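To keep things simple, chains are lettered A, B, C and D as they appear, and every chain counts its residues starting from 1.
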Amino acid sequence: MKRAAIIGGTGYGAAELIRLIHLHKYLEVSKIISHSQYGENITTHYPHMHTYMDLKMEALDVRVLANEVDIIFFATPAGIAKELIPQLEGNHVQCIDLSGDLRLPNRDLYQKWYGQLGAPQEILDKAVYGLTEVFPNQIKDAKVVSNPGCFPTASLLGLTPSIKEKIIDTQSIIIDGKTGVSGAGGSPSKMTHFSETNENIQPYKIGKHQHIPEIEHYLSITAGESINATFTTHLIPMTRGLLCTIYGRLTKNITTKEIIHLYQDFYANHPFIRVLEEDQTPTTKNVYGSNFCDISIHVDERTNQLVIVSAIDNLVKGAAGQAIQNANLMNDWKEEEGLAQLPIYP
Amino acid sequence: MKRAAIIGGTGYGAAELIRLIHLHKYLEVSKIISHSQYGENITTHYPHMHTYMDLKMEALDVRVLANEVDIIFFATPAGIAKELIPQLEGNHVQCIDLSGDLRLPNRDLYQKWYGQLGAPQEILDKAVYGLTEVFPNQIKDAKVVSNPGCFPTASLLGLTPSIKEKIIDTQSIIIDGKTGVSGAGGSPSKMTHFSETNENIQPYKIGKHQHIPEIEHYLSITAGESINATFTTHLIPMTRGLLCTIYGRLTKNITTKEIIHLYQDFYANHPFIRVLEEDQTPTTKNVYGSNFCDISIHVDERTNQLVIVSAIDNLVKGAAGQAIQNANLMNDWKEEEGLAQLPIYP
Amino acid sequence: MKRAAIIGGTGYGAAELIRLIHLHKYLEVSKIISHSQYGENITTHYPHMHTYMDLKMEALDVRVLANEVDIIFFATPAGIAKELIPQLEGNHVQCIDLSGDLRLPNRDLYQKWYGQLGAPQEILDKAVYGLTEVFPNQIKDAKVVSNPGCFPTASLLGLTPSIKEKIIDTQSIIIDGKTGVSGAGGSPSKMTHFSETNENIQPYKIGKHQHIPEIEHYLSITAGESINATFTTHLIPMTRGLLCTIYGRLTKNITTKEIIHLYQDFYANHPFIRVLEEDQTPTTKNVYGSNFCDISIHVDERTNQLVIVSAIDNLVKGAAGQAIQNANLMNDWKEEEGLAQLPIYP
Amino acid sequence: MKRAAIIGGTGYGAAELIRLIHLHKYLEVSKIISHSQYGENITTHYPHMHTYMDLKMEALDVRVLANEVDIIFFATPAGIAKELIPQLEGNHVQCIDLSGDLRLPNRDLYQKWYGQLGAPQEILDKAVYGLTEVFPNQIKDAKVVSNPGCFPTASLLGLTPSIKEKIIDTQSIIIDGKTGVSGAGGSPSKMTHFSETNENIQPYKIGKHQHIPEIEHYLSITAGESINATFTTHLIPMTRGLLCTIYGRLTKNITTKEIIHLYQDFYANHPFIRVLEEDQTPTTKNVYGSNFCDISIHVDERTNQLVIVSAIDNLVKGAAGQAIQNANLMNDWKEEEGLAQLPIYP
């Protein structure tokens, strides 16, 4: 049994990590670190865990972590992991960062989009981007994994096979993202106040979302050329779920069926990616609470556009689930370990 | 006081027409026609109108209508108006069709997308497309108005100034539509069953929606050239509201501010179109229950894309409200008559 | 045209007052007072009003108010009206207080339930309780009206005829209240954060809600004896709407039909109270956005219990709508003035 | 590994049974019976199970069932189980009926409330009522278990300790039930159509719900006297979750704390019942997707009323979860087997 620590214990990411680790055979939550509520039992903050968890949240102590846990999950806001992970260097501990601190390749890009100083470049160089199905081999050997953002997960899983097979114009990519409100975290705000969010669609950060450079960077790596993408995001009145509708201009004559086969081949050994058959479309409900990413393919022959739809649960495949999946790879456990639950339906 | 008849009395379109006409100075509901529930009082079907309406629904009788009403609103499924309107020809009655029967320019196109025979060509030729802000002069002189679809309303109002000013590549247009569930009408179905719709986004009819040829036809008229557009639709867990995120590749160097000015000029005398200032975005809540269409403009300089966001209440500006607005023009009433309510908030 | 001032300009109560007054023939919003955002245009805070309102919010100045407006609506948190209204004494201005400051008959009771000092007793003695259908004559002559709370409105309208007719045991009353989230106001909090509220029912303040003494006091006045009632409240995942399910033990042999007749008689001249027929039940959707209170009656013969269901829109009949209705009575305007809109459906 | 058959394969109950059995160590779904869709793969109907289930639904054949499965779950509408279970008599198969067919003690009562002929009396006599925490010993020895209704589960778990300890007047019980829409099943209807249900509370079947005699019968057994209860139900705009607010007049002087202790003692060895501490209240979100029943206690000293709040997930503890829990008892498996997931939050 490996011992996991979760830093950022009172956020939704932590809650989801705890839910998933609870069913994991080889992993247990041994420490929950909370800056604001250490000393309190986790069930005071999360009554839904009452009787199933009994753990006092602790203040951060890097030396204690280094000695007493095997894996650290950073379920923290931007700016924490980049400070702590360097202090854990040279240590046996595996680090999986769910914040954006280590996702961009260099400090300048991070500073431009996140508005604060980036992590030390040597840490950035060492961190492996944890998009499990695209970089599995690198993840297996990593000690520091940077877990992808929710929108990048859905976008990159939807786009990578098309980019790799060079079937769309790399300068034509448009991603229209829709997300449930839990993606904005647990801190109340006007935009996420029930009376404002319910019966409403709210577009936000058009062309300015910090997930843009992340999407572009990993698309560019697959493409072997620099890619820019247009990306918009919309807040939808639901708690969980994220769906991206992705558009790209086809560069060759190819049918929906043929592209589906390309995708099914690309994801053949990846149990969490379900490439749908022709005329099917993903919905967020079909992946609710699960680590699945459902993808559908639609060639619009009238306009020569490829439309790709990609759906995940933002808190599972888009955050905590993919983090567990990465931990499984890093430790040679079965990829599905702790993640085998069916989606909750309806 | 002019007398209005509503055909299709038990649908959401009819309910919304009744709500709006209730506040109209020069119009009153004098007949409600229902194929399935004639003989019943309207309040049996719509208890929310209890004490404010007291009208027995009637069976259809074209001669009675011709003699006893001044304006007929067709809030009917596809296939009814195209049969009835020819029978009312040569008569003084004004007809406003909220179904799709008269929106496409020819019978073949209708048959291709609606899967049934189209209206007689002479009726199609006579019908004026009721996109109020774009074709106001034709509407003023019309006796038969074809009220636009909900998605075409938001899409065309969002795109027309850009097309007219030739600032985007006409072959690059992508419209990503999101709609509340009332757009699907009042008949229960699996897709609109609460437990299926709630906590869910459901894309549907990708590249196959019958609103596609309508959007393309009226864009083409504005452009003076044939336009195809990529169009996707998503069912969102909310009752009312429709938002289109529209993408087009810029053909010239132009700023967000400059485009906003173009739009503000274009819609200068149109009280229901609100072109937002830079960095603002529309939400469906801001137009809830009202006849407004809110539009925002975003130039993505990194990708040379223009992003336009356009939001309406699908049952008001996307259906009943625009129908009343057209009736106002046809009768020389003030354009805002019956439509001056503020959006309901929150 | 009378000039209205609204104090507390950035809350949901103010937004709803503005929406309703916008359609009022004899009343106009001439001043909006905001402690926190004076100097800003109201549309900066409420973009849904853009183009329909153009008014700068002002800081509070009692002398200016006294001279320049005719009616003041206090859409303020507890504690403001009790300070300001005494300063407006001896003046021509009519005051309608939507906060709870003047609802309880004496300062001790207020202090016990609201946790702060009450209004001066002479103001309390002068204020008339604005439950329009129950105290219409007192309201007509009042200069200071204390507008009822949302739960008391639904509860008292549901119970008063039964209490007056002495058909239920006055010591057996149980009120089970359910409310939409807008009743909690516009300030974000954990309890009203979308991800916490959606897909959830949250009971709160069981037996401790500050509306309890208000309900009991005005029931007691009707009864001519002291009444205590059990009262629970539940937060429901919807924005608007409030429904009370009320239980009382029958003291005599009487049928559902007979009680319905009692209620229909009691509310015969009151257009906003709709007493439903046997086997009908109110829903909050049937009163959405309107000033209606729908009431149904159910005798459970097996248990000798009377069940009364009462539904309102918490922001209209439960707040701003009833305030306008009271203003209408105080100024001898038609009771429905500004309130004649149909409920918004669906 | 025991083989389970699920009859009624296309309903929400079946979907939930499959989800839970999927994580069960000793149980596997070997047959899914569907009257309407046999021959189809279960994933055609339930795409969320795609890649995790691969089973063709079958037509009903009692002999095949008798020979090839060990446990049958009836996730059927009323009227099926009462026909089939007698045919399985004398056989080794364990039957767990999730419909109401076997819940009432005699045929007359069933006919009165369900409007159809009841099961043979000898089957009724043999069936054990599967309220796990209240009748565990009888369930352990049963071959036919009648799984409780969702409202009776929450009501009886909330009331039983108070009845047993005789602290409330047995003739004063009022149960105010609120349920999410999945309780109404997967068949579309006007009442469960999204546009009608969203932003709405709909009371229904007041005093007439078929769960009333079930609640009364099992309360009466605990009390040793005949109990009638007033029971109302409300449809709430959420998919899952059921909460009962229960009222009873106290017969003795007793504090909230003391009653909490009584409840904690009563449920001491029952891991799925969580009796909350003073001043806490259950929410449906805290039990979402789990088999928990959370219960809180509130003495209202002003009115001498005991208020009990009880919350479950209607599809888990209120249906499929309790059915699995009963199967665990019947087979001497650990009570939590297959049910150890944490609630999904948020």
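Here is the rule we use: a contact is a pair of C-beta atoms (placed from the backbone, for glycine too) under 8 Å apart; a residue touches a chain by one contact, two chains touch by 3 or more.
Going by UniProt, the chains are A, B, C, D = N-acetyl-gamma-glutamyl-phosphate reductase.
Remember, predicted model here, so these are calculated numbers, not experimental data.
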Exercise for review: Look at all chain centres (mean of CA atoms) and spot the one farthest from the centre of subunit C.
Suggested key: A
Check your understanding: Given the two chain pairs B-C and C-D, which is bridged by the higher number of C-beta pairs in contact?
Key -> C-D
Practice item. Return the distance between the CA-based centres of subunit B and subunit D, expressed in whole Å. Key: 46
Exercise for review: Let me have the rounded angstrom distance from the C-alpha centre of subunit B over to the C-alpha centre of subunit C, please.
Suggested key: 36
Study note, to complete from the structure: Here the gap between subunit C and subunit D, centre to centre from mean Cα coordinates and rounded to Å, is 39
Practice item. Indicate the residues of subunit A shared as contacts by at least two other chains. Key: 12, 180, 182, 186, 195-196, 198-199, 237-240, 285, 288, 346
Exercise for review: Would you pull the subunit A residues touching subunit D in the complex into a rising list?
Suggested key: 12, 15-16, 18-19, 22-23, 46-53, 182, 186, 198-199, 239-240, 271, 274, 276, 280, 285-290, 340-346
Check your understanding: Which bits of subunit D are touching subunit C when the two form their complex?
Key -> 171, 174, 176, 178, 180, 195-196, 198-204, 206-207, 228-230, 232, 234, 236-241, 243, 245, 247, 281-285, 288, 296, 298, 300, 302-303, 305, 307, 309, 311, 346
**Study point:** Residue numbers on subunit C that touch subunit A, as the complex places them
**Key:** 12, 180-182, 184, 186-190, 192-199, 237-239
